[in-house]
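Here is the structure we will look at.
So that you can tell them apart, the chains are marked A, B, C, D, E, F, G, H, I, J, K and L in the order they are listed, and the count of residues begins at 1 in each.
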Amino acid sequence: MKKILVIHGPNLHLLGKRQPAIYGKTTLKQINAELLKIAKRRKVALTIKQTNVEGEIVNLITKNKHRYQGLLINPAAYTHTSVAIRDAIVASGIPTVEVHLSNIYMREEFRQKSLISGVAKGTVLGFGPKSYILGLEALIDII
Amino acid sequence: MKKILVIHGPNLHLLGKRQPAIYGKTTLKQINAELLKIAKRRKVALTIKQTNVEGEIVNLITKNKHRYQGLLINPAAYTHTSVAIRDAIVASGIPTVEVHLSNIYMREEFRQKSLISGVAKGTVLGFGPKSYILGLEALIDII
Amino acid sequence: MKKILVIHGPNLHLLGKRQPAIYGKTTLKQINAELLKIAKRRKVALTIKQTNVEGEIVNLITKNKHRYQGLLINPAAYTHTSVAIRDAIVASGIPTVEVHLSNIYMREEFRQKSLISGVAKGTVLGFGPKSYILGLEALIDII
Amino acid sequence: MKKILVIHGPNLHLLGKRQPAIYGKTTLKQINAELLKIAKRRKVALTIKQTNVEGEIVNLITKNKHRYQGLLINPAAYTHTSVAIRDAIVASGIPTVEVHLSNIYMREEFRQKSLISGVAKGTVLGFGPKSYILGLEALIDII
Amino acid sequence: MKKILVIHGPNLHLLGKRQPAIYGKTTLKQINAELLKIAKRRKVALTIKQTNVEGEIVNLITKNKHRYQGLLINPAAYTHTSVAIRDAIVASGIPTVEVHLSNIYMREEFRQKSLISGVAKGTVLGFGPKSYILGLEALIDII
Amino acid sequence: MKKILVIHGPNLHLLGKRQPAIYGKTTLKQINAELLKIAKRRKVALTIKQTNVEGEIVNLITKNKHRYQGLLINPAAYTHTSVAIRDAIVASGIPTVEVHLSNIYMREEFRQKSLISGVAKGTVLGFGPKSYILGLEALIDII
Amino acid sequence: MKKILVIHGPNLHLLGKRQPAIYGKTTLKQINAELLKIAKRRKVALTIKQTNVEGEIVNLITKNKHRYQGLLINPAAYTHTSVAIRDAIVASGIPTVEVHLSNIYMREEFRQKSLISGVAKGTVLGFGPKSYILGLEALIDII
Amino acid sequence: MKKILVIHGPNLHLLGKRQPAIYGKTTLKQINAELLKIAKRRKVALTIKQTNVEGEIVNLITKNKHRYQGLLINPAAYTHTSVAIRDAIVASGIPTVEVHLSNIYMREEFRQKSLISGVAKGTVLGFGPKSYILGLEALIDII
Amino acid sequence: MKKILVIHGPNLHLLGKRQPAIYGKTTLKQINAELLKIAKRRKVALTIKQTNVEGEIVNLITKNKHRYQGLLINPAAYTHTSVAIRDAIVASGIPTVEVHLSNIYMREEFRQKSLISGVAKGTVLGFGPKSYILGLEALIDII
Amino acid sequence: MKKILVIHGPNLHLLGKRQPAIYGKTTLKQINAELLKIAKRRKVALTIKQTNVEGEIVNLITKNKHRYQGLLINPAAYTHTSVAIRDAIVASGIPTVEVHLSNIYMREEFRQKSLISGVAKGTVLGFGPKSYILGLEALIDII
Amino acid sequence: MKKILVIHGPNLHLLGKRQPAIYGKTTLKQINAELLKIAKRRKVALTIKQTNVEGEIVNLITKNKHRYQGLLINPAAYTHTSVAIRDAIVASGIPTVEVHLSNIYMREEFRQKSLISGVAKGTVLGFGPKSYILGLEALIDII
Amino acid sequence: MKKILVIHGPNLHLLGKRQPAIYGKTTLKQINAELLKIAKRRKVALTIKQTNVEGEIVNLITKNKHRYQGLLINPAAYTHTSVAIRDAIVASGIPTVEVHLSNIYMREEFRQKSLISGVAKGTVLGFGPKSYILGLEALIDII
């Protein structure tokens, strides 16, 4: 049974709890439940983590005892600044799908470039929680 | 029954026919067949067009007699240069999903910006023909 | 009797039909009627065209059988990207007035430069449909 | 009876007096006479000022005892450098039309951006003294 | 008794009189009253000036008969464009505190750099009229 | 009783201990004592933290059990690079005041932009330890 | 017998007809006659097209029934803006020579970069009609 | 007898009075005395002005009753920001020599470009008060 | 006996374990063994750390109980983004040598600038594991 | 009989001798033989030089006793950096053709601009040794 | 008796011989004669050199047996590109005056920056041959 | 026995002779003696050259009769401007180590990029004369 690591980047633990007018009412818990349902149907195992620390994301990707066959990541704010996560993805060699809830190309200029897209297999962005669903389906198809 | 317009931008008619080592062996015909299968299952009607002319894409989006409820577009080379297609999407008011076969953020610098992403609901890129499948599913969910 | 060519660029056929809250309720037909009234009063002949295709605008400017004495053009989205229309205006040698409904210098950065202004006699922008009226009056005075 | 303030920016007092080969033979006095004729016909009152001092333009716009209903301004060299005049127009709340004798987008690069266009209702440029006439007509229509 | 010069830059005389929705209802007079109260308590003398002319600000800083021991300045629009005021502050050698009502780093890009910050002892910005109060307190502590 | 979170960013634990010629002799402990004195007088509760880890700052802002009514932050080196802290401040919705000991606009170019200023209520910079005092007073006034 | 496609881009149909002072008196017809003479001598077949529409150039390159062995193209204004023509050349795999009548590096800055040069075998520019002659000779040698 | 206008720009009235360590001990009065001595020897008349107001410099250049045959100007801080003074020099048609006490190309980056050099006959910079002497000699030779 | 701190930045724990074709077969353990051999011969004590967390690197440099006399650091991905590590090196005052396995100036553009070089005594790059050896020898010579 | 100077810039003496896989097997000697054959047929005299020193290229162009009627130059690396060679071509007034073996617009960014193209009559690039042949033919036609 | 080295940079040997319409009719020989006359009157010795080779200029400045007390240099084309000459001036420690015949700030953009100005005592530019005269006088005053 | 070429770039012949406060007291002669000692111990032959002429460095690298097995180069000022030396290193195919006495990333911005680093095996910088020692040791290890 294939194993997939799901990483939620900084501030995503607040999803659905604060400012629902902006970020929607879906919580991270609900997104995770959806992802686990798909995993069950598609017969893959998920490990799901949320962390606000850039270096811990690097740890999660590179220090796992049992190598994962796929990585689903929403790098959030680190999308735009982290060369370290980019390097971790390359160094680990794990096939990666990048997802974003919002359309980062509709936002401030400093958000309109992704250091992660260039090392991901593919990217899904702008569909809200649905971005995760599409991203996971695509990742399972790839691996 | 909802109607969706699918537009393949410039040079995509060559897909799978030339340089299969680079672009894969899947032809546009095969992609279209896949899209029609999904459309049938999800009970939406598809109109599929390919054109190499920027202005004809504008025509397709804005001059259709019967208004579409959704637009699935791979703007290809016009992604990076066409303000006219961007304006057409905004002016038509049709919910739009942008797809790309390749990861444009892995390619030449002049391809690393999309004039379309900022007016699309969401974007799927980098999964090859699978980008279309994911994009259509997401579009049907939205509309 | 002097002849003037009026060209409406991409997406302008939608004027007044969609999103009136943003673009106003005046249709292109109404603007054209206004222009023809002025033409009658000032005793010039108008040929009015709308097209979404960049190359057709080049054709209109350079392939007309009977040379025009003036060109009134709203290049819309092509304002910012078309070297070809710029070259056509220069090559045809027809005195040209550029008009814009909106103030392009209040909008997105990629709209804040015009490739056409540098080869037009003058520019009128930001007055809505009134921009056309002022532009035509100025053009007739020049030619 | 509506009141309109007309401001001629720096160096415009020299118009028609020096280097007529470049700037034409029309003097500022003649332009003002033309403007007053239109004002009479359209039944508005004009106050016309010329000054070379940036801060005095700010004073004229913001310190007038009797509020004006419209502002017609050729900011000349301050077009490209004056945040203060831009702020004065916004703070005063007076509908403003910006005019230029020459086509500033045909000149040196440091002239190819206007800090004023973004806060004016509209802009007329490139028609020589005729730019003022068109600008005043448009301003009267707006207010 | 120490003397402090307070300079309000261009357009600040309008404060609280126009567009209260944006700029608040506090007038410059009220701010000045607040400043004078602090001055009394802290036993310093204030000279308060408002001018819209860049060169007059230079005059105020460099031509005062009696040298001031401190300068509290809101350079407003000249913040972003005036090398002359910057040079005046350096040449006068008077310890300077820069204040802004609004957070200039939340506004248009051309406002997101200050030529004055680099020669001021410190800067207080974004607190509305309160910025002046904090700035004056800090200035008195320094001198 | 209102609660305020005070965060000292990376390297600030060294304050006053090393290179006093450059950074002054005031230690972080002394600054904290000053802040607590003000808090007592103004009747607010302070929680004071220092950390060198970007993600821990995000944790402090977003994971506190009892929501704070205000945030006083010196983001130090992260001022210029952390989109994650910027997002945390926005997502938490806590009114924030940014302080800096030095005038960052007098230093290296890469320090002359703040990602935090755009989401803070206000900023106080350049007054040394006094920046904290002014910042806290302003923050208490706001909340 | 090898087949070569010759494409003249936008506005080149006007060659020699208007503004001979600038563009010379040689017409496109005369250039084509010269090219056909060379073709006869070198025993290759030429298909010669002129079009003002970017997408039609893409069509010509990619939709020809009988594959050409070489492409001689003067992309004119599209040289600087067309990613679509660049992609068409790459996708078709036809060896390509780019020619320009004028020296584009002596002209406006926006003309001083070619999107086509990077995918052409070679480029000949600045020799007027002679550029075509040299380009065709070189192309025949290559194929 | 030829007349020359000498303009000292903003802050130059402080020369030699403050911060002699940086600016030297020579006062503006002494420089003027030197210039008058040369004028006497070379038999030209000098009019010498110092002002801190940009617009007054424009006035001096363009509003003088008796036209000058030459202009010697140290635009100081306005060197880098004043399009208005540049335009005044061009519009007046007076042969102009630009001088600077310091080497502006050794200072901050925003000082390393001169809007005036491009319209002056020549420039002398970096020699302290001697720059004026050399500049006046050169100007008298030219006119 | 002098003490030197050796810090290996993010992803370096994977060295020699994955993708040996790219990164070589030498493991971090082997590099460390080499460094310890040199330390023994040169009679200095080494403390060797690897961490993926930016803030922990700051902690290592600034929070060590016993001050080190030298720092040998391969900041890896943080080379290009970490102002915090730069500040830590300056604040600690420890003489520092920066090393890189690869030649960062042969790689992607965002890697072609180092925030650390400007505060290090010297840099050794591009020699693979040998970079560490050379760097340590140089550091011991310096301290 | 007309005289043409042929200059081969830096490193071209290595042509065909080293790294034939990249640069081809044709030596400079062979290219020169080809050029001399053409010269014989076209009845012009050639002087052929190779030098690695920028200033010697300037000498060759400007210090020849007998003025040449044409210059064929491959400036190689100096293409991108030498204002001196550009000035030499302009000052000598000799009609010049620039050639390059490779397509410089396919290479590193710092090679994608030519200081020479702007002063040459025309440029031929990308055809390998054939570029010289075409360039010489074109040059002879011009002079 | 003090010794001054005069260096004329690349292409200046052509002065007055070619294109007199542009560069004037004064030859380098005549300029040198003028300089020698001044030298005689002012009692300094001149060594005058012209060379087109950048490295020879470095040699002249740094390898002279008898140290010069002053350097008068017109670096011509090397003004804009030579870090080596800049370093030579600094390393030699000889007081240097930079002169230019033309006003380099009126010419192409790549000429509008001088690498030499930043290390020269002063610069004289735009006065034609007179620039040398003024420069030498100033240099003698300094040394 | 392997042969290594050592090249000292422009101005390095002055090392230790002038401005010892800045550049140290070690002369080039002393550095060369150190290098020869290492060469003796490591059993390689050294050829050591210093030149100020860019093209002579190209000659040294590419025209040596007996091919060298390694190149140790301090390109000094040419580091930042010489494409020709870069090309020479690539064309010669000799393994190269680049050294710098100072840390070029601590100096002026135009020195903060090396055209040589991208084609060298490795770089050692900032250790003064010690940079040469480390560089030679590394080079011998490589070859």
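Worth a mention:
The rule is short, and it goes like this: contacts are C-beta pairs under 8 Å (C-beta built on N, C-alpha and C of every residue); 3 or more make two chains touch, one makes a residue touch a chain.
Predicted, not measured: the structure shown is a model, and the values here were computed from it.
Taken together, subunit F and subunit L share the touching chains I. Per the C-alpha superposition, subunit A sits rotated 120 degrees relative to subunit J, a value rounded to a multiple of 5. If each chain is reduced to the centroid of its CA atoms, subunit A and subunit D end up 55 Å from each other. Averaging C-alpha coordinates per chain places the centre of subunit H 47 Å away from that of subunit J.
One simple way to say how far apart two chains are is to compare their mean CA positions; for subunit K and subunit L this gives 30 Å. Contact of a single residue of subunit D with at least two other chains is seen at positions 53-56, 81. Chains touching one another form the pairs A-B, A-F, A-I, B-C, B-G, C-D, C-G, D-E, D-H, E-F, E-H, F-I, G-J, H-K, I-L, J-K, J-L, K-L. The residues of subunit H lying in touch with subunit K in their complex are 103, 105-106, 112-114, 117-118, 120-127, 130-131, 134, 137-138, 141-142.
Across the complex, subunit F is touched by residues 53-56, 58-59, 62-63, 81-84, 86-88, 91-93, 115 of subunit I. On subunit D, the positions that touch subunit H within their shared complex are 10-11, 13-14, 18-19, 23, 51-56, 76-78, 80-81, 110-111.
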